[in-house]
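Just so it is clear, A, B and C label the chains in written order, and each chain counts residues from 1 on its own.
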Amino acid sequence: MNDILSMLLTGVPWTLGVTLCAFATGVVLGFALCALRMARSRGLAALGAAIVLTLRSIPPIVWLFFIFFGIGGGYLSLSPFVAAVLGLGLITAAQMAEVYRGAFAAIPEGQYEAAHVLNLSPPQRFFDVVLPQLTRISIPTAATYAIGLLKDSAVASTLGVADISFQAYQVSQQTFQGLGVYSAAALVYLVLSVPVALASRWVSASLQRRISQ
Amino acid sequence: MNPMSVPLRQVPPMPAAKPAFLRLESIHKQFGPYEVLHDVNFEMCKGEVVAIIGPSGSGKSTLLRCINQLEPPTRGRIRLDELDIDAATPLARADLLKLRRRIGMVFQSFNLFPHMTVLRNVSLAQVRTLGRSQREADARSLQLLERVGLADKAGHYPARCSGGQQQRIAIARALALEPELMLFDEPTSALDPELGLEVLAVMKELAAEGMSMIVVTHEMHFAETVSDRVVVMADGRILEQGPSARVMRQPQHERVVKFLQAVRDR
Amino acid sequence: MNEILSQWAEWFPELWKGFVLSLQVTAISLVFGVFLGLLLALGVSAKGRAVRYPALVIVELGRGAPALILLQYFYFGLPSVNLTLSSFWAAVLALAYCTAAYTSEIIRGGLEAVARGQHEAAEVIGLDRVDALRYVILPQALRVALPSLLGFSIMMFQASSLCFTIALPEIVSRASAIGSSTFQYMPVLVLAGLMYAAVCAPASLGVAALERRLAPGQHATP
């Protein structure tokens, strides 16, 4: 069992790598998408909505294959890791765009008025008043998505990224102990999700203290 | 209101010697460290209408809910005719069911089932608890709804009815099982005064027909004019009880005097 | 453009077979899964520890394990204890388990949303626990849970694409086969993607509209 576990654990850095990079990509790109979605021009807003809807209506594995085999096959050559991060990152961006949109709506109207009255410049208004509150409100939902992304990252194994799922498949084919291997793999994912849940609670609490409501 | 064309049940005239029908002996109720009811003793006869009044937090609603075991008392005994329920012994499922069939309850917030029509609200228990056929139950439900003046609402959903109408439907629902005792937990507290009047009118007719009723209420007029007996509670104890006219006009306990004065002055 | 359209026309029948298979797997998994999810929701809400703890473990395992691992567990894992399932049934079992775990939380949320007064009203008119659940509580709980359940169903349909890894001949596996034989990955994957989008996009919009109708004024879940 120890051998199986140690083989599985070699996949952990890859799983975490895909998850974190995709999440970071999604968090940043999500802003751009959200901005598009909330643009004043009707056309741009509709485009944003269409992009978000499309990203969320097609399964991750199709996006990954599309990026790796479709784009990666002919025009560029992409490593499986990059393709996975891009694919998952784009889907995360769509989800985060919706989270931000909801968070924007949840910021009390008075905040914008207060910022205006205090004569803050637009960038100051955004970075000092809006962004911290946006972050605070978004964190719980974002944390839930992060945990979901940890599990979704398993799809990267289909491209050959040597993550936990990839290792699990290899080991089970070699040892014919599929039951034990996959049970162990499931437990590894479970254990990995605990720190993320705790971290989100910690970040949320420290932000609460710094930005008292 | 419709004329009393459909009696709720046949009640014999009040006998001269009135046997106790409901007895509460040494009822205590504790919620964690808080003692909400302390050594409450109470008796009532069939056909009596008892109003329980008192300041908020006095335990009035809790006492009511102890009677039909929504909150089983921590200690004490409840006797309804031959049913004898001691808090110390676990209550058999069959006995609880017998109790529920004999005692109807009307809640402050009506608690009608929003996803069913008014008719089904009243029929459901008849079919499931009494085992009547759907047709029998529906016919009886229509009679009851007519009795409270709402037969035309039978096919509607509760959300389309006013608060006063919903509470009257709730009364019809409680009457559907043909109970011997009706418990009312602040039936008009959630209603505008005018809507409350419709409900009180129904309750008054019920009382006139001889239904045994215990009503927790803030409606002092009802307590004085409709009920036979008034019980005043505070801090989980009964401070005073007696004939309604006497208690309401010539209270003896100091705290009761203060309470009634405060209420009158409002 | 014409070339792509004619290729699509050529590939469509093949992809359609996979599409139908995905729908079947999803539908059966959902039916079993939601029913099991209801049982688990009741189990997790139970008072007795003997029922609650095992239910909690089952739910947390189902929610914590990636769908991909669950699928491979049933297809590659079970044979190691001499239980071999076809890829169809392995897919159904895995996705049903996944559905049960997630929907149990959704349904539990719905159960908790039903007002206390409803339980009491059902009690005082003499309904036993089963009848109270069946006639009063569950109908209301499921109404609350419906948008989330539908949203989850859409996600499940997308998750069926992972069955590619357990040799189920659904859309992705057929698209991949076509791609590897023609080297035209891009067009065939676009077609596969469009087929998914054709179902999932209107469905998501429909669920969002339903959510707005059932709970006006509440912020729609992202």
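In this section, a residue touches a chain if its C-beta (ideal position, glycine included) is under 8 Å from a C-beta of that chain, and two chains touch if they have at least 3 such contacts.
Everything numeric in this text was worked out from a predicted model, so none of it was measured.
*Asks:* Select, from all pairs of chains, the pair with the highest number of C-beta pairs in contact.
*Replies:* Going pair by pair, the biggest contact count turns up for A-C.
*Asks:* Which chain's C-alpha centroid is most distant from that of chain B?
*Replies:* Taking each chain's C-alpha mean as its centre, the farthest from chain B is A.
*Asks:* I'd like to verify one number: the distance from the centre of chain B to the centre of chain C, where each centre is the average of its C-alpha atoms, in whole angstrom.
*Replies:* Computed value for the inter-centroid distance: 47 Å.
*Asks:* Give, as an integer number of Å, the spacing between the C-alpha centres of chain C and chain A.
*Replies:* 21
*Asks:* Using CA atom averages as chain centres, what separation in Å is found between chain A and chain B?
*Replies:* 57
*Asks:* Once bound in the complex, which stretches of chain B touch chain C?
*Replies:* Residue list for chain B touching chain C: 68, 70, 93, 97, 100-101, 103-105, 107, 109, 111-115, 124-125, 128-129, 173-174, 176-177.
*Asks:* What residues on chain C touch chain A, complex-wise?
*Replies:* Listed in rising order, the residues of chain C that touch chain A are 60-61, 64-70, 72-73, 76-81, 158-159, 161-162, 164-165, 172, 175-176, 179, 183, 185-186, 189-190, 192-193, 196-197, 200-201, 204-205, 219-220, 222.
*Asks:* Show me the residue ranges of chain A that touch chain C in the complex, using the header's touch definition.
*Replies:* The contact residues of chain A facing chain C are 53-54, 56-63, 65-66, 69-71, 73-74, 95, 98-99, 101-102, 105-106, 141, 151-155, 157-158, 165, 168-169, 172-173, 176-183, 185-186, 189-190, 193.
*Asks:* Considering the complex alone, what residue numbers of chain C touch chain B?
*Replies:* Answer in residue numbers: 115, 117-118, 120-128, 131, 135-136, 139-140, 143.
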